[in-house]
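Two complexes are shown next, each including chain A; its partner changes from chain B in the first to chain C in the second.
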Partner chain A sequence: MKELISINDVSFAYREDEPAILKDVNLTVYAGEWLAIVGHNGSGKSTLAKLLNGLLIPTAGRVIVEGYDTARADELWEIRKRVGIVFQNPDNQFVGTSVRDDVAFGLENFGVVREEMITRIDEAVRKVKMEKFLDAEPHHLSGGQKQRVAIAGILAQKPSIIILDEATSMLDPMGRKEVIETVKALNEQQGITVISITHDLEEAIRADRVIVMKQGKAIMQGGPEEVFQDGEMLIGAGLDLPFSVKLSLSLQKKGIPLPKAYLTQEELVEALWTLS
Partner chain B sequence: MDIVIKQLTHRYMIGTPFERVALEDINLQIASGTFLAVIGHTGSGKSTLIQHLNGLLKPTSGTIAIGDQIISAGKNNKQLKSLRKRVGIVFQYPEHQLFDETVEKDIMFGPLNFGASEAEAKEKAKEMLELVGLPLGILSRSPFELSGGQMRRVAIAGVLAMDPEVLILDEPTAGLDPKGRVEIMELFYQLHQKKNLTTVLVTHSMEDAATYADKIVVMEKGKVYMEGSPKQIFSERDKLQAVGLDVPETVQFLLKWQNRTGEAIDLSSFTLDEVATALCKQLKKGGSSC
Partner chain C sequence: MLENVIIGQYVPGRSILHRLDPRSKLISVFLFVFIVFLANNWVTYGLLGLFTAVAIVVSQVPLRFLYKGLRPILIIVLFTFALHIFMTKGGALLFQFGWLKIYEQGVVQGSFISFRLIFLVLVTSLLTLTTTPIDITDGLEQLLGPLKRIKLPVHEFALMMSIALRFIPTLLKETEKIMKAQMARGVEFTSGPIKERIKAFIPLLVPLFISSFKRAEELALAMEARGYRGGEGRTKLRILKWGMGDSILIAVLLILTISLFLLRS
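For the complex of A and B:
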C-alpha cells in the first residue's frame, strides 16, 4: 500500500518546560484507508491531528506528507491543500455568510480562478449533498449540515486526506450519522483517505485500522477485530468496549459457548442463532 | 422540589422579522425526586426549555412553578436570586466557564455570592472537590492547568457547591472519553439518590436516558412530542425514528434477535446485563444459571 503520511519519532510539547504531549510516535497512514484514532481525553489525539497538516510542528522528529515536510515553511501550502481538518464545533468553522461563500473561502486563499472556482464549489457541495442549500445562511443549517459544508470546503481543494477531529461529537445522533455516511461515501467512491479521531467506538469498529493512544504514545494499532478483543488494554487506556463485544463477553460468562467476542450486532445475532 | 410547567410558550425576537416560536404550549409535571431525561434532535427546543427552569429565559406566556416560586410572563421576578441557588445548571462544556485564579476560588465563587462566609466557602470547596473525585492537592492550582476531564469536574463542583435542590444537566458528558462519560453519569446518579435531588438531563444518548431516567420527555419542533417511562418511550421505535431518534442499542439488539428467531422477547431490558440475562434464559430454555 502507498504511504501518504509518515510520522517518524515525533515528540511534541507546547512549551519547553512542560511535559511532552506526544512521545516518540511512529505511524504510517496509507492511501485510501479509513484510520480511526482513539484514546482518553488528553492522550494527544488532537495534537497529533494538528501535526499532520502543519498547524503544529514537531518538537522532535518529522512528519512527511506525500514527500513534503511539515517543518518547512515553503512546503506548508502544498501540505494544507492535501490535508483538510474538520474540527469539533460546527459553529467555529463557518466563515462565509452563505454555503457558497463558505466553500469559496478556501479556494480564494489558494488563488483559484473564478470559472474553476464555480465548478469546484458546485462539485464539492454536490458530493456532500448540500446543493439545495447553496445560498442558505449558516444559522438556518443544522450542526450536521454545517459539518458537511466544512467537508465541502475541504473537498473543493481536492485533498487526498480528510481528518475528522471529533467532528461528530457535538452533533445529535442524526447529524452524526449524516456526517459519517457522507465521509464514508467519499472514502469508498473517491478513494479519499480518512483519519477519524473519535470517542465513538461504534464508529471506530467500522474503520480499516485503529490506533489506540495513551498518554502521548500509540500503544496499539491493528484492525478493529484485533484491537477490540483486548478489553483490558482498552479500559486501561480510558476507553470502553463496543456494545457487541461487551455483550459477547457477558454471555460467555453466563456459560453461552460463543467462540469469540463479536464486533457488530449482526455478527453476534448470527452467532447466537447458530448456537440455538 | 416539584416543577410544574403550564402552557409555556417562548418566542425569540418578538416584533422583528426574525420572530419565531421556540416553545409552544408546554405542559409538564416533574415530581420532586424525579430523574427526567429530555431528548430530541438539535433545535427541538430542549435547551430553551431548561433555561426557563431557573429564569435565564422568561416565558412569553404561561408559567413555571419551581416549588413555591412562580416564574411567569411579563413579571419582573424578584425571587430569581434564591431560585438560582435552588436550581443549578451544568451547561454544555461547563469548563468554558471557569474563570478564577485557583480551583478553590472558582468553586467558592457561588457560595460567596449567596452569602456564605469565607471559611464556609473554603470548607465547601474542599467538600465538593472530594465529591467529584479530585485530589485536594489541586485546590491551589489554576483550573486552566488541569486536563479537560478535571476541568469539567471542577466546573461541576462549582455548581454543586450551591447545594441545589434541582440539578439541570445539559449534555454533561459531551466530548468526554468513554470512561469519563460513565464516571460523570454515575456521579450525578449517586448525587441524585443521596441528596434526593430532582434532576433534569438533556442528552443525545438514548442509552443514558434508558439507564438513569424515571421519565422521558421527547421534544420536537418546540413541542412535547412524547412523554412517559423509558419502557413506554422505547417501545415506540417508529415514532422515535420519525423525529431522527432511536431506541438504545440494547433494544436495537433485542429487536434484531427477535427478527431472527421469530420468538418474542421482552424488549424493556435497558442494561447490558439485563439483555445478557434475557438472552441466556431464552437460549438455555429458562435455565437457572443465568
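For the complex of A and C:
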C-alpha cells in the first residue's frame, strides 16, 4: 500500500520547559484507509492532528506528507491543500456568511480561478448532500449540516486526506450519523483517506486500523478486531468500551467460553445463541 | 427575544436599486452627502427633493422602513427648525407675540436646514435598505483597494467586517442561552432598579467575552488549516458587476451636482 503520511520519531512540546505532549511517535498512514486514533483527553491525539498539516511543527522528528515536509515553510501550502481538518466546534470553523462563501474560502486562499471555483463548489456540496442549502446562512443550519459544509470546503480543495478532529463530539446522534455516513461514502467511493481522531470507541469500530494513544505515546495499533480484545489496555488508556465489547469481556470473566470480544451486537448475539 | 433583532436594515427586494453594484451606490451616497450642502434656494432644494423622491419610488422599499430610519432624527429636525425660526432675523416680519418675533428668513432657513437633514438620512438609509451588509463590505473593499499601496490593510478590514457580520447571530444566540441560564438561577434582567439591572449584566458579559476569545482562536486555527495567508494571491468568489444602470446612476449624480452649482444663488 502507498504511504501517504509518515511520522518519524516525532516529539512535540508547546514550550521547551514544559513536558512533551508527544513522545517519539512513529506511524504511517496508508492511501485509502480509514484510520482511527483514539485516546483520552490529553493523550496528545489532537496535537497529532495539528502536526499532520503543519499547524504545529514537531520539536523533534519529521512529518512527511506525500513527500512534503511540514517543517519547510515553502511546502506548507502544498500540504494544507492535501490535508483538510474538520474541527470539533461546527460554529467556530464556519468562515463565510453563507454555505457557498464558506465552501469557497479554501479555494480563494489557494488562488483558484472563479469559474473553476464555481464548478468545484457545486460538485463538493453535492457530495455532502448540501446542494439545497447553498445560500443558507450558518445560523439556520444544524450542527451536522455545518460539519458537512466543513467537509465540502475541504473536498473542494481536492484533498487526499480528511482528518476528523473530534468532529462529531458536539453533535446529536442524528448529526453524528450524518457526518460519519458522509465521510464513509467519500472513503469508499472516492478513495479519500480518513483519519478520525476520537475518544468514542463506537466510531473507531468502523475503522480499518486503530491507533491507541496514551500520554503522548502510541501504545497499540492494529485492526479494530485485534485492538478491542485488550479491554484492560483500552480502559487503562481512559477509554469507554463499546457496549458489546464490555458485555463480551464480562461474560468471559464469568466463565462463559466466548472465543473473543465482539464488536457489534449482532456478532455477539450470533455467538451467544450458537454457543455449545 | 433576541431573534427579532435584524442585522443591518436590509429589506430584500428585486428593484433596480437592489440590483445595482454596491460600488456605484456607495459613490453616489458619498457624493450626495457633499452636494446637499450646495443647495441654498428653493430650486436647488427642489432638485434634491426630486432626486430623493425618485430614488425612494424606484427602490420599492415600503415607506414605514424609511420612517423608521427617520424617526430618531425627527427631534433634531424639529429643534433646529425652531431654533432657526426664532433666531434668524431678516425679511418681512411674519408674526409677533410680545418679544417673540418670527421673520420670513427664519422660516425659510429653518425649512432648508430641516430638508437638508431629512434628505441626508433618507438617501443614506436607502443605501443600507437596498444593499446587504456583505455587499457593502465587498464594495468598500474594492473601492478602497488602491489604498493598499500605502499599506492600508483594506483586505483585512473587509475580512474582519464579514466575520463580524457572520458571528452576530451566533453571539446573539449565545447571549440568550447565558441569559436564560442566569434567569433560571434567579437573576432579574428586566425588572428591578436600574443599578441592579446593570449589575446583572456583568455575569452575562464575562462568559460572553471568554467564549468569544475562544471562538476567535479556534476560527483562526481553522482558517489557517484551510490555507489562509492574507490577501496576497487570493482570488474571490464574490464579484461585483458594474452595469449600465451603475453608469447611469453616476451620470445622474454628476448632472445633479452641475445643476446645483449653476442654480444655487
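FYI, the second predicted complex is superposed on the first by the 271 of 276 C-alpha atoms of A that agree within 3 Å, B and C clash if a C-alpha of one lies under 4 Å from a C-alpha of the other, contacts with A are read in each partner's own complex, and residues count from 1 in each chain.
Going forward, a residue touches a chain if its C-beta (ideal position, glycine included) is under 8 Å from a C-beta of that chain, and two chains touch if they have at least 3 such contacts.
All values reported here derive from a predicted model rather than from experimental measurement.
Asks: Following the superposition defined at the top, how do chain B and chain C come out on chain A, clash or fit?
Replies: clash
Asks: Quick one: is A:G153 in contact with chain B, with chain C, with both, or with neither? Answer first, second, both or neither.
Replies: Only chain C is touched by A:G153; chain B is not.
Asks: Could you look at A:R80 and tell me whether it touches chain B, chain C, both or neither (first, second, both, neither)?
Replies: After superposing on A, A:R80 lies in contact with chain C but is clear of chain B.
Asks: Looking at A:Q93 after the superposition, I want to know if it touches chain B, chain C, both of them or none. Which is it: first, second, both, neither?
Replies: second
Asks: Quick one: classify A:N53 as touching chain B (first), chain C (second), both or neither.
Replies: Second partner only.
Asks: If we overlay the two complexes on their shared chain A, which of chain B and chain C does A:G255 touch? Say first, second, both or neither.
Replies: Only chain B is touched by A:G255; chain C is not.
Asks: Answer with first, second, both or neither: which of chain B and chain C does A:Q265 touch in the superposed model?
Replies: Only chain B is touched by A:Q265; chain C is not.
Asks: Using the touch definition from the top, say if A:G111 reaches chain B (first), chain C (second), both or neither.
Replies: Second partner only.
Asks: Where on chain A do the contacts from chain B and from chain C line up?
Replies: Looking at chain A, the two contact sets are disjoint.
Asks: In the complex of these two chains, what residues of chain A are touching chain C?
Replies: Residues of chain A touching chain C: 50, 53, 55, 77, 80-81, 84-85, 87, 89, 91-97, 100-101, 104-114, 117-118, 121, 137-139, 153-154, 157.
Asks: Can you check the complex and tell me which residues of chain C touch chain A?
Replies: Result: residues 134, 162-163, 165-166, 169-170, 173, 214-215, 218-219, 221-229, 233-239 of chain C touch chain A.
Asks: Give the list of chain B residues in touch with chain A in this complex.
Replies: Contact set of chain B toward chain A: 41-43, 147-149, 174-182, 204, 206, 244-246, 249-250, 252-253, 256-257, 260-261, 272-273, 275-277, 279-280, 282-284, 289-290.
Asks: Mind listing the chain A positions that touch chain B in their complex?
Replies: On the chain A side, the touching residues are 39-43, 88, 142-143, 166, 169-175, 199, 201-202, 235, 238-240, 243-244, 246-247, 250-251, 254-256, 265-266, 268-270, 272-273, 275-276.
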